[in-house]
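Working notes, beginning with the structure itself.
Letters A, B and C mark the chains in the order given here, with residues in each chain numbered from 1 onward.
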Amino acid sequence: RRGEMAKSTQLIDNEVFRAYATYTAIVLIKMMLMSLITAYFRITRKAFVNPEDTASFGKGDSAKKYLRTDADVERVRRGHLNDLENIVPFVGIGLLYALSGPELSTALLHFRIFTGARILHTFAYLIPLPQPGRGLSWAVGYSVTFSMAYKVLKTALLL
Amino acid sequence: RRGEMAKSTQLIDNEVFRAYATYTAIVLIKMMLMSLITAYFRITRKAFVNPEDTASFGKGDSAKKYLRTDADVERVRRGHLNDLENIVPFVGIGLLYALSGPELSTALLHFRIFTGARILHTFAYLIPLPQPGRGLSWAVGYSVTFSMAYKVLKTALLL
Amino acid sequence: RRGEMAKSTQLIDNEVFRAYATYTAIVLIKMMLMSLITAYFRITRKAFVNPEDTASFGKGDSAKKYLRTDADVERVRRGHLNDLENIVPFVGIGLLYALSGPELSTALLHFRIFTGARILHTFAYLIPLPQPGRGLSWAVGYSVTFSMAYKVLKTALLL
């Protein structure tokens, strides 16, 4: 039992891996919050997509009119999808990067910039900020993931 | 060769990690099945989105009429996207959680409830069940992932 | 410090894990390129979805006409979503598979076929190739992930 425990916690004892775990948990929680924001806008804007979701508004046409798209709902959904497209590569490549033996300070720099960029991206999308606000925050996060992928391929390449 | 093998299997020898591997494989396979269900509805409802997919139905207008959206197809696709939005955080945070040294029984509780909730969510979406069936199954899975994220941040926090 | 370094790099010293890291980085970079291709088509086709993205084209109706969908843009976006639906399970199950102690040659076979199939899938989607080009490349990648999931469940099963 003891030996197993020791094994299971050795990765989490590594500082770079702890930093990876921290920032991965933060960006994934941030991504999950998009679901709550979508739900908030769906309810306040009364804009649903599934008939069973409008059943509490009555039957027939009185409920049907709430089966519609709303600009704010669609905006949050686009932000959520953009998170999936960018946070999935960060989580996958970031894990390999954390295991490729980078300096703690370099790793922290990557994780912090990515996390900051994605939080900014969400605000830029939802407020919305004028471009190139959203574009730049997207590009910064994207570049960080590419930089980590380069380190992974340089360290691990086995084709 | 032996030494390497031993190294590569040590994580998989850990019981919490084995439980994580089992339930992650199950929920990811469940998510992958959504592709097959989408294909099934696209073919039986004759509702396609790419012109090259309707070529076997002939040319011109006889094929074009099958380029359309279908309520059942769109429902499966929404279920699939909801899986991506919720199973991706589970897989990412669950890995870190499994490495953070939880009790096996606590970890199994998290993994089992999440997996059950997501399977229920799929049935609630596809049948469909009246609300709050789908909403509750979503919320249960969501809460399990948050609970694991809390444990990860408590164990690993390094900002 | 030394000890930690050794710990952090042991997984990356394992050949199967290095192969996993290499192909995972490649398919995730491939997926990320879909964002650039989407941006390229949005700009050359002048087809945007957010009002703030068309502000540089002037105000009022002169900018509003660029808020439209374009067949090429939508095609790339469908390819991107299909990547998410298929590459996410590969990355998650592939990691568990790499840790389940497969032979290097078997693992390389899985990773190479999956990566080749997904690159073919992208070309089949974007050119587009006549069916069943895209369908087959999708099915090959899908089957590889299932094969790895089977090995993971056979090795790790703990329900």
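Basically, a residue touches a chain if its C-beta (ideal position, glycine included) is under 8 Å from a C-beta of that chain, and two chains touch if they have at least 3 such contacts.
Because the structure is a prediction, the values reported are computed rather than measured.
Taken as a graph of touching chains, this assembly is fully connected, with contact between every pair of chains.
Shared residue numbers account for under half of those found at the interface formed by subunit B and subunit C, and the copies are therefore classed as meeting with different residues. Centre-to-centre separation of subunit B and subunit C, using mean CA positions: 16 Å. Contacts with at least two other chains are made by residues 11, 15, 17, 81, 84, 88, 95 of subunit A.
Here subunit C touches subunit B in the complex through residues 10-11, 13-17, 75, 78, 81, 84-86, 88-89, 92-93, 95-96, 98-101, 128-131, 134, 142, 145-146, 149, 152-153, 155-159, going by the rule given at the top. Looking at the complex, you find that subunit B touches subunit C at residues 4-5, 7-9, 11-12, 15, 17-19, 21-22, 24-26, 28-29, 31-32, 34-35, 49-50, 52-53, 55-56, 80-81, 84, 87-88, 91, 95.
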